[in-house]
Each structure stands twice: as structure tokens, then as C-alpha cells.
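Following this line, the structures themselves.
Same chain, two partners: chain A is paired with chain B first, then with chain C.
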Partner chain A sequence: MNGDLFTLLAPELIVIGGAVLALLLGLGASPGARSAPRALALLSVFAAFLVTWYYGPSPAKPLELAGMRFDSLAYYIRLIALSVGALVLLVHWHLPHPAERGDVFAMILFSLAGIMLTSLANDLVLLFLTIELVSIPTYILVSIGRSDIRAQEAGLKYFFLGTLSAALLVYGFSFLYGAAGTTNLSRMQLSPAGGFVTIGLLLAFAGVAFKIAAAPFHVYAADVYQGAAAPVTGLLGFFPKVAGFVALIKLLFLMQPSDLLTAGWNMPGAAFVFLWVVAAATMTLGNVLGLMQTNVKRMLAYSSIAHSGYMLVALLAGPVASGGPLRDGLSAMLFYIVVYGIMNLGAFAVLALIQARGRPAEELDDLAGLGRREPLAALALAICVFSLMGLPPTAGFFAKVYVFSAAISNGAAGWHGLSLIVLAVIGLINSAIAAGYYLRIVATCYLREPVAEPIAEPRTAGIRLGLLGCCIAILVIGVWPGGLLYMSRLPFYDLSAPPAVATHSNAQSPEPAETTEQVYAKEMNS
Partner chain B sequence: MLTIGLTHYLILAAFMFCCGLYVMTIKRNAVGILIGVELILNAASLNLVAFSRYKTGLLDGQIVALFVIVLAAAEAAIAIAIFVNYYNNLATIDVDRGDSLNG
Partner chain C sequence: MQEVVLAQAVSLAPRSYAPILVLILLVMALVAGILILTHVLGPKRHGRVKDDTYEAGMPPVGDARRRFKVQFYIVAMLFLLFDVEVVFMWPWAPLFHHTSVTGQALPGGFDKTFLLVEMAVFLAILLVGYVYAWKKGVFRWN
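And then the complex of A and B:
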């Protein structure tokens, strides 16, 4: 892969092209045109996946071009976003009213393209815009398709908190720009001691914390998850979170020395303390509040908050030069997020599939007796919930093992390493607390007498296929984590390569941008 | 005579930021809250333009500000659509009237 921006961005262009076509076809008058968006969306995701796969991970030196950076992190995020995106499309297959299919599938594709571009962004403005490209379609998805009051209320809350987070993020970015004098992330040299840098980073972290539903910015999650339709909720647990965590990784990399692996993962005191407190509070609040819920969607919302906390633990530990995958926090986090996305989507797919009292299942009572009425759906739910809990032989087990072993074996000197161990212990205690409500879901399915006669909605092959995909993925990764682990280690191998210098590989003259900037700066100074 | 410098712009932007946050917390009308968000976004734009003028002397900050303005417009469009939907259900855009979700 070299040169031309059109070739490099082919996966994103395919997805965006598919989204625009889906939007147009959805407006068509004939029923044929109106049902086309589904197939078109799935097809464009497959095509984009194949193109990304064909390109492979970047060569030894990441390529930097037009404010973007084509590296292994981007390769990995593109692949997982597209694979989980295909499952998300399947789970949405039967949801929308035929007249809304074009809109819904186009919004999912736009959001997906946003994630892929977030992973490429190497410029503050691009990072900001791509995060918003992920978020704005999700505001629409929450409000659309359900005429009931709760969906509208959830949409309104989600919109306001989302825009507030965007505003905080860009206000923070403006300080980072002021401190560094450039918007290019790889040319940004931040001295952690600077006042502007601290303000900017804290504001940007706050903005990102909204996206990943971390405490104290988690309050919207339960309401939004409850109000939105179940398939949309499955999407909300993955899309904004991936974008948020990728942005967080990119911000943390700003503070790293160029010889990252020998010097170690560098976290200035303020950022470390802030993220430590956020991680501990997110895990604890999520799980404790989850225990008090009787609505399964709200339970899973709080579990979603708690899982963000576990991922923050891994990110705090960061990559370590030696010791293999069990000490690499970065790859543990990248492994965790895809596993979490799949198991969360699977759980919500079951809720979308099961009808009780003539509406989609939501309360714990709605699931009572599911094991007898719909054994397969109950089994799928049990697999997803056991994975969320972290039991072997599911993927969730390995995800938790990598996260906590990275924190425990980090071995940083002094209070740094010690506080990581304390954090891992808090996380393990939390995993035990979480078992309380996860087991309640499974026990309700199998042990209680039916209250509301839950039945699986007939003629829903799409959701069933998506659910089957989620369960197979969970079990396959649970038995053989090596494949995904290898992929999630790729960004780490990127780090071992010498730090990349901006290469304008397709430009005619070596550095035209620099000279123009210098000339302009002289003019401004005179 | 007082010369206006970077600090003045930053203080003004910080003031706008605080006003925006304040408006977002006290307003109960959805359009009012949206205005609060716009104030914060404009505070960021002002910061960007001021840094670009006084710190780097380049145009990049001003270009970022242009993008922020475009994004604010896009968000306003989505906001109005969501407000209309909300109004259709509740016949008001008072955010306190939506209280069916809690726990």
C-alpha cells in the first residue's frame, strides 16, 4: 500500500458510498427499492473488510499523509469495526419500519466510517470531526424508529450530553493547539508541566469520558440504553466506545517519549491520578448500581459502564517492552473492546428477539421461564452473560485475564506500579460484585416460572443469524484467543519500529508544506 | 494604553465557556440548552482563532474554527429534528417533562 489517498481510503469510501446509496434508495417508492438498503449495507461492509484485509497491516514504517496516519492501530480498528459492524447490521435487520430502513442503515454505515476514520486521524481537527461523525448518527438512531415517549426522551438526553462532550473536547483541543502550536498529532511536543496542556488534556479526557460512559459522566447511559430500541443499544455499547478509546489512546501517545518501549509508558502525575480515579469509580459505580436494577436493559447499561472501567485499567498499565502479551496493557485493551462489543451486542440481540406481553422483553420478569419456552435463545443469552461475567471458556475470560495481568505485572517503579496493583484488585472485587446481577439474569431464565410467556418473534432470521455470529465468536475466541491476540498485538509491534517521521510520500517536492508555513510565519512576524 | 493580547481573548473565551455551562444547567427549554452548547463551541472557536493569531501566526487554527462552526450548524439541524419529535409526543420542549426514564 503506497501513495495515493484514494487507494488508501478505499475502505472508508466504500462504506460512505454505501451509506449515501442506502439513504437514496430508502426514499424510493417501490418496496423493492426500500428493502435494498439492508443488503447494500451488508455488501459494502463486506467489500470494505476485504479491501482492508487485502491491504494488510502497514509496512514497518507507518505512513503519514494528509493529517492521517496509516498504521497497525488503524488496521486493527478498521477490521474489528467492520466485523462487529456486520453483526450490528444483522441485528438491526428486522428492526426498522420499511420506510425507515434507508435512514437507519445509512446512519449505521456513517457511524462505522467515523470509527474507521477516527483510527486514522493524526490531526486534532480530524480527530474531533471523526468522533462527531461517530456520534451524530447515533443521536438519530436513538430517536428514530420508535414513536414512544421514552425513545424521544432518551434521544434528547443523549443528544445534549453528547454535544456537551463534543464542546468540552474541542475546547480542550483548542488549549492543546495553543500549547503545541500545531494541530498535527505526531509533530506535537507537549511538555506535561505546561498549564495549557493540563487544562487541555483534562477537558479532552472529560469529553472522551462521556463517549465511553466513564464516571462521573456516566449518568446518561442507563436512561439512554433503556429508552433506545434493543439493537440500537447493542450498537451504543460499541461504536462510541471504540471511538472514545481510540481518541484516548491517541491523546496518551502525545505524552510518550519517542523511545517509548525502552523508557516505559509515560503518564504524567495529573493524568495518571485522574484516569486512576475515573477507572476505579467507573468500575465500582457501574457494578454497584447494576445490582439495584430490575430492568435488564438498565443492568446491561451499568455493566457497560463497568466494562469501560476495566478497559481504562488496561490503558493505564500501557505497553511494556518485554514479557509478552500478558504484560501488554495496550493490546489487552484492544482485545477487550472487541470482545465486549460482541458479547454486549449478543445480549441485546436476545432482548430484541424475545417478545413478552406483546413488546420487546425488557424487565427481568419478561425473561422468567425463557429456558423452557425458548431454549436456544436462553442458551445464547447465557453464553453472552457468562462472557460478560468473565467465565471460561468464553472470550470474556481471556479479556479479563489480559487486562488484570497487565495491571498486576506492570512492574513500574514506586507508587505507580503499586497503585496499578491496587486498581487491579479493585477490578477483581468488582468482577465478583458484577456476578451478582449477571447470575440473576441467567437464573431468571432457567429457574423461575414464566410470568409473561416470553416467545421469540417469528420470521427474524437476520437477528438470529447475528446472534449466532456473536455466540460463535465468543466461543471461538474463548477457546482460541491467539488469533485475535496476535491482531491486537500489531500496534505494539509498530511501537518497536523506529518512530515515524512525517513522510509526504506522494508529494512532488519533499516538504512543500513546511516552506509555505515558514514563509507565512515570516510575513506575519514582520 | 491597554493593548489587547492573547490573555484577553482567552479570558473572554473562558467566560463564554462558563456562561455556556451555566445556561445548560439552568435552562429547562431545549432550545435554551442548545444555545448553551453553542456558547461553549464558540468559546472554543475564539480560543482557536486567538491562539492562531498570537501564538503560531499561521492560519491552521482559523481553519479549525471554520470546521467547528460547520459542526455546530450540523448539530443544530439534528437538534431541531429531535426537538420536533419530542414536541410531537409531549406537546412541549420543556426537558423536565420527560421523566419516564429513571432508576
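And then the complex of A and C:
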């Protein structure tokens, strides 16, 4: 019996097992059974994290088995998804009605397992299914337990537009399959790209653009973020975005010649222009529309759109082998997405914690005077918002430094390099525009007289703990970005490495290749 | 060796598209036959409700936010669930038969124990969905 697959998939199996148990326990009649799902969910996330950590990054050759690829990208994505996932669970701790705890925590875990499987997917069919596994639970989370008309609008819009984007994605995949003749990503050789590949890529990019809320597929974001409960909105800023960006990385690597990682991406001109325009429009639209909002949730929704634009800049800059971490756009994007996930979750955790006029804070007026009424919550919000702005010593500062330095120093030949520099300039201007509305949030907390008497909801240890975790993570990464940067550099080395095929007859290569760590150490020393 | 095993395993698959053409023709004949038969044999009653657009028993025009019974839809979804389950079991069955008769593992080292455990996990997850629907009261119709 081949036990390899079950062993390799242990983290995902633990998370899915936890979700299934949480779902069933949530149906129980006794209060004990109904309170179990939260602890069970947190426990299974910790267990999955420990197992992933114990396995470590992939060996020198990534293992390919059953349509999956166990490489360092998967290792990194599994670790960050589980870490941020634990914070997400804490922020949701007090949200659901006891009768719906099982459903809510099971959906979070299913979505989390979807992200982990997306990072493993090495087959177009599996990639599509795993992205949907991330998305479908989020449709449920947006509208579950909420009867007001805003939440229903949000759930309905999110569901129908999400289905449309899934259709675009799978339609694009069908073109890629038609061009390559296989669904296995490692065996797809799409370079040089023909017309079908370009059409397929553009359709797939459009489908993914919805998941990451990039223009022109961003229109749903503000309504959905406003209608959903604040903790769920914090989740929406991370889960679908990670899945979308991982899918983008996997699609872009399809056109990469196997040995060449020196000059960014090797994509068709039309795809480059498409992503360039999407990145520029996403940043600009997000920030300019953010300036016009008076509702903090809508403000943060537009900020979420803008941050997707920054991440697209890094992704477009692409992997660059020489010149250290400041030139590598891929690791800059992988770094940014974690930092964004944490700071965005922290900001929404504050909104979930603060009550004004007897309901969760939402309008800018609700936060007026928060600095005096609830100094700790105001401080936490300030840390998260400053990080979103990109001020040192928060994590958001380094995240932006890596993104824009990768775009500027990319050094791609010809118009690609020049247009990346233009994109970086647009991004920097946008960071300044964004400060306009971020500072308004902080100024309202500290400088304005209270309007609605904001108070922190009592007996909410879970949210408080999650918020504390977010703030500590932001400050620690802001002071010492090296640790996360080291991790985000790992996937870079073996994404293009030829895979080891797990068969019994396969002979091992005569001389063992260097491990990822050895390559990394060599580069750091040189 | 691995390729031989795989070739044997998929040898049940048709070698040409002719059966698919036959299937398409059969389906078209069946649909046409049913339509013609209902047209000829079925009684015809006309009325405001009878001539309305068919929308599975609910009024087709009106405010989208009115309340309606969702039970029918949930039962339909459960039917789909078990329908799809069989679709997955169909390709699994010949592969399992192959591994258990010949004792050979499929490429990747997937032997009959693995296939059996895999299907058991799949069925267990489906069963959870069924239990969930049951406990949520989907089958209580009053």
C-alpha cells in the first residue's frame, strides 16, 4: 500500500478532519458539544502547523505525486495559511451564534484546507477545484447568521460574481489544455506561446482577478466587505487572495523555460500588458475611491483592492536569480501577502471589537474619540493602519520596500524593464494617496471628540488575543523582516527544479543535488 | 512496466469515437420520442397558472426577496450529491478490479488497499454531508 500520499497530505487531512468533526459537533444538542468546534478548529490548525513544520521545506527535488507537487512554495503557503488561519479563528471566536459555531468554524477550516491544496495543485483540474474549495465556504461565511438586507445583498452578489469568475477561470483552463494536450502543469510546455495560450491565460487571469479583487473585477468588494461581519471581512482579505496569487504564480511558471530564472517572466506580450494595466488600474482605483468613503469597512475594502495592485506589481517584476532579495519580485509578493493578511485582519478585528450605538463600529464617526475611550484598541488600530500605510517600524514598510525595489531594479530588457519602473512610480504615488484616508482613520480615533461613545465589547478574550497576535506579528516582522524574508525566498529555488517522480522503479540520480538551504547559504555568502 | 499496467488498466476505454456517436443519436432519439409521446398522449388543460412559466412550483414573477420553501432545492442538491458520487465510483471500479485481480499497483504505487481506503474516505465525507443535512431537518416535511 502506498502510504506516501496520506503521509504527505497529513496537514490537509488534519484540517479537513477537524472541519468534519466541527461540523458534526456543532449539530449536537448539549452546550458542551456546541462550544467544542472552536477549540477543535484551533487545535487542528496547530497540529497541522506542527506537522508541516516537522516535514520542513522540500528536499532538493520537489516530489510530484497524484497531480500534486510537494515543493517549497507549498511549504511556505501551508505555513502562512495556518499561522494567519489561527489568528482568523481567534478573531471569529465570539462571532457566531452558538447554534452556528460548527458551521462557521468548519467553513473556515475547509477554506484553509483549500488554500493548502491550491499550493500543492500541479494539475489544472485540481487547481480549479482547490480554488473553488477556498471560495465556496467564503460565500457561506458572508451571509451566515445575518438577516439584515446588506448581508443578503453581499452574499448574493459575492456568490453570483464568484460563479461567473469560476466560469471564466475554467474556460481559460480549457484553452490551456487544448494548447498543451495535458492538464499536468509540469508537463505543459507552453513556450513559445501561441494564440490559444494567450486567450487561455487572459481568461484565467480574469477569473483570478476576481478572487484577488483586482480591477476591473473589483466592483463587488466594497459591498461584500461592508455587508459581511467584520471578522469575515478580515478573512476575505487573505484567503481568496492567497489562492488567487498562488494560481497566478503557477500559471506564469507554465511559460518559464525550465532552466531560466534570470530575467523575470517569459510571458506573451498581451499577458504582460494585461497584468500591467490591471496592476496600475487596481492601485489607482482602489486608493482614489478609498479617499471618498466615510464608512471604515468600505475604506478598508478599497484599501484591499489597492494592496492587490501592489502585490501584482511585485508578481509582474517576477523572479530574478541574481542580486539578492531586493530584486526578487516573487519573494516580495509572497512576503507582502502575509503582511497584508495580518494587518488587514487586525484592522477588522478592532472593528469587530468596538461597539458604537449598540452595534459593531462601521462608520468613521463611530470611531471618534476611541483614543480616549479605549486607548488599547485605538493603539492596535493605529499599528495596523500605519502598517497598511507602510510606515516604519511596522511590517508594511518592509513589504512595500521589497515590492517597489523589485520593480525598479528588475533590470528586464527593453520595454518590460522600463514599464516596470513606470509601474513602481505609479505605486509610490498611490502609497501617498492612500495615506490620505489611512490618516483620517487614525486622526478620527485620536483627535476628534466622541460622537457615539465607542466601547470595547466585554467578554471577548478571543478577539483580543487575535488582535494582540496581529499587532505583535506586525511589529516583530517590522523590526526583524529577515525571518519571513528567508522563508519567502525558499519557493524561488525549486519552482523550476525538475521534479522527482515517486515511483518504485525510479532510480535515484547519481549525485544528490544541492538542497534549497545550501543554495541559499551559498548566495548569502557570495 | 508502469506504462504496461496503465495500458491494461485503461484498456476498458473505447478505442474510437463511434460509440459516442451512437450514444448521441440514442439520446436525441429518446428526447424526440418522449416529446412527441407527451404531445400526443398527454391531456391538455389551459389556465392562467397552467400556462405560466414553469419555475419548479413557485411564482416566476415577483419580489426577489419574498420567502419561499427551500426544502425542494435542498433535496434536489442531495440528489445531485449522490448522483455525482456514482460518477466518481464508476471509473474507480474498473481500476480497483484490475489491481485486485492482477495484484499489480497502478503507476505511483497505488495498490488495491490504497484505492479501497481512498474510496472509504470519499464515502465517509459524503456520509458526513448526509448526516449534516439529516440533523438540520432537511427531511422533515411539515
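The rule is short, and it goes like this: the second predicted complex is superposed on the first by the 485 of 526 C-alpha atoms of A that agree within 3 Å, B and C clash if a C-alpha of one lies under 4 Å from a C-alpha of the other, contacts with A are read in each partner's own complex, and residues count from 1 in each chain.
Just so it is clear, a residue touches a chain if its C-beta (ideal position, glycine included) is under 8 Å from a C-beta of that chain, and two chains touch if they have at least 3 such contacts.
Quick caveat, the model's predicted, so the values are computed rather than measured.
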First (chain B), second (chain C), both or neither touched by A:A66: second
Contacts of A:L5 with chain B and chain C, given as first, second, both or neither: second
Touching partner for A:A81 - first (chain B), second (chain C), both, neither: neither
Residues of chain A touched, compared between chain B and chain C (which is higher): B
First (chain B), second (chain C), both or neither touched by A:A452: neither
Touching partner for A:A209 - first (chain B), second (chain C), both, neither: neither
Chain B versus chain C as contact partner of A:N295, first or second or both or neither: first
Contacts of A:V20 with chain B and chain C, given as first, second, both or neither: second
Chain B versus chain C as contact partner of A:Q152, first or second or both or neither: both
First (chain B), second (chain C), both or neither touched by A:A230: neither
Overlap of the chain B and chain C footprints on chain A, listed as residue numbers: 149, 152
In the complex, chain C residues that touch chain A: 1-2, 65, 105, 107-111, 113-114, 117, 125, 128, 131-132, 135-136
In the complex with chain C, residue positions of chain A that touch it: 1-6, 16, 20, 23-24, 27, 65-66, 149, 152, 502-505
Contact set on chain A toward chain B in their complex: 124-125, 128-129, 132, 136, 139-140, 143, 147-150, 152-157, 159-160, 163-164, 166-168, 170-171, 173-175, 177-178, 181-183, 222-223, 226-227, 292-293, 295, 298, 517, 520-521, 524-525
Residues of chain B defined as touching chain A within the complex: 13, 17, 20, 24, 30, 33-34, 37, 40-41, 43-45, 47-48, 50-52, 55-61, 63-64, 67-68, 71, 74-75, 78-79, 81-83, 85-86, 88-90, 95, 98-103
